[in-house]
Amino acid sequence: MTVSGTDPATVETVELRIPRKAEWVAVARLAVAAIASRMHFTIEEIEDVKLAVAEACTNAIQSADASNQIHIVCEADHAHLRVTVANANIEGAPAGAPPAPVEDDVRVDGLGVFLIRSLMDDVEYEVHPERGTHLVMIKRLAS
Amino acid sequence: MDIKVNVRETDGDCNIVELAGEIDVYTSPKVKDALGELIDRGVYNLVIDLEKVRYIDSTGLGVLIGGLKRVREHGGTVNLVCTNPQIKKIFDITGLVKIFGIYDSEDAAMKASV
Amino acid sequence: MTVSGTDPATVETVELRIPRKAEWVAVARLAVAAIASRMHFTIEEIEDVKLAVAEACTNAIQSADASNQIHIVCEADHAHLRVTVANANIEGAPAGAPPAPVEDDVRVDGLGVFLIRSLMDDVEYEVHPERGTHLVMIKRLAS
Amino acid sequence: MDIKVNVRETDGDCNIVELAGEIDVYTSPKVKDALGELIDRGVYNLVIDLEKVRYIDSTGLGVLIGGLKRVREHGGTVNLVCTNPQIKKIFDITGLVKIFGIYDSEDAAMKASV
């Protein structure tokens, strides 16, 4: 995968895999907040990244997909944080049951993706027929 | 990483729902249940105090919107107490400032509920 | 790998990879604290796990080893958190330079491992000739 | 995730080193440098205030022990201010309570430094 938006010479990668379940999203959120904090983003920017990554995880959980993990890749260089969120499977593990239907009576469609687009500087969906949807988002450090 | 829900009756006909913690995809069903229970009991004027909420995501917003839709069917109101700039920003970005009353204190939110 | 000490039927796995550098240990610490918090360990127990995992990362960084990542696997069931800390390599990436010699004038040898043994309920070194040292540690939830 | 170091002179001949934040493998070199600078300048009675330290690991303990070893060569002392139970526990477990003076306040630590 090319690291568009980050400098391959200096990029540092943190990878996280969580079970594809609502109760683990907070772990992803806090890990990504720690990464953004290490990169010296402002408190407001850290909150932005935290919410955007959580929304991407929530989408991954609510999508009609039988994968059992969420795979989060954070690539940091001196000027950007690039986060990729994708559904994944533990190799060899049986696929989990498909997620329960979303039972919100008010499903504000698009609010999650709208927030991600508002809070991050660059957002892309990479649709891989084999590997599912990858949501890629970039936050730039003020220089 | 969890949410606490504390419901208080007031002298007027509104109830104050005080939330503390984080409202996300994991915890928002608990908030939804608490609001649903109140509305089922015929409480249609709600003040939701978000002062102790450190984090809210789109599922949390969805639950608040769902509550508002239900009470409006009965001529009710949902007024929010919120001063946390990051959380106010989320209501701003999404345009929800226009559909909720957002106040700086429980008193102000209660006055608006009358 | 068998999951000794955790129940394979209910175990949930969170995996983290960080660069093998001092500045990223805080990210591992905070992620593991979030996991322990999600499992409802007490605040004191969360601090214990946090410090133990950080000490394991510090050892991994200070060991004479050319790997460029630390691989942290957290396995949670209803009664235990099992954390494995190991050196690892990004596949295909060149091995990093060996770490700078530890320049503490006072190197209190064994303090890290001593703390890990004191703070966790079970600690094992799995030495793999090919894959390096895996430190495995278990904290039990009070029932 | 970072450490702040603030050095204050006092009326007596000791200096107060106030640390705030987290002392770990990344930040402890900064603490080591600050202590080293003081000792190089001939300050051998140190009060290290850990009240704003939320976290310390073995590398942080190593830096404190290193400072103590250096000032002892000059008949100096290192007294710590610490009331955080989790951090006191680390000094307990490791037996370092026996080699550092650990006090509840800067005043108490300064009196012990005389």
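Note that the chains take the letters A, B, C and D in the order they are written out, and that residue 1 is the start of every chain.
Heads up, the rule we're going with is that a residue touches a chain if its C-beta (ideal position, glycine included) is under 8 Å from a C-beta of that chain, and two chains touch if they have at least 3 such contacts.
Computed from a predicted structure; not experimentally measured.
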**OP:** Report, in whole Å, the distance between the mean C-alpha point of subunit C and the mean C-alpha point of subunit D.
**Re:** 27
Subject >> Inter-chain centre distance, subunit A versus subunit C - centres from mean C-alpha coordinates, in Å >> reply: 24
**OP:** Averaging only over C-alpha atoms, locate the centres of subunit A and subunit D and give their separation in whole Å.
**Re:** 41
Subject >> Overlap residues in subunit C, where contacts from two or more other chains coincide >> reply: 23, 26, 34, 38
Subject >> Contacts with 2+ other chains: residues of subunit D >> reply: 1
Original post:
Classify the inter-chain contact topology: is it line, ring, star, complete, or other?
Top reply: other
Original post:
What is the complete set of touching chain pairs?
Top reply: A-B, A-C, A-D, B-C, C-D
**OP:** Quick one: which bits of subunit C touch subunit A in the complex? Just the residue numbers, please.
**Re:** 12-19, 21, 23-24, 26-27, 30-31, 33-35, 38, 90
Original post:
Of all residues in subunit C, which touch subunit D in the complex?
Top reply: 22-23, 25-26, 29, 44, 47, 50-51, 54-55, 57-58, 61, 104-108, 111-112, 114-115, 118-119
Subject >> Touching residues on subunit A, where the partner in the complex is subunit D >> reply: 34, 37-38
Original post:
In the complex of these two chains, what residues of subunit D are touching subunit A?
Top reply: 1
**OP:** Name, in rising order, each residue of subunit D that touches subunit C in their complex.
**Re:** 1, 22, 24-26, 32, 55, 57-59, 61-63, 65-66, 69, 85-86, 89-90, 93-94
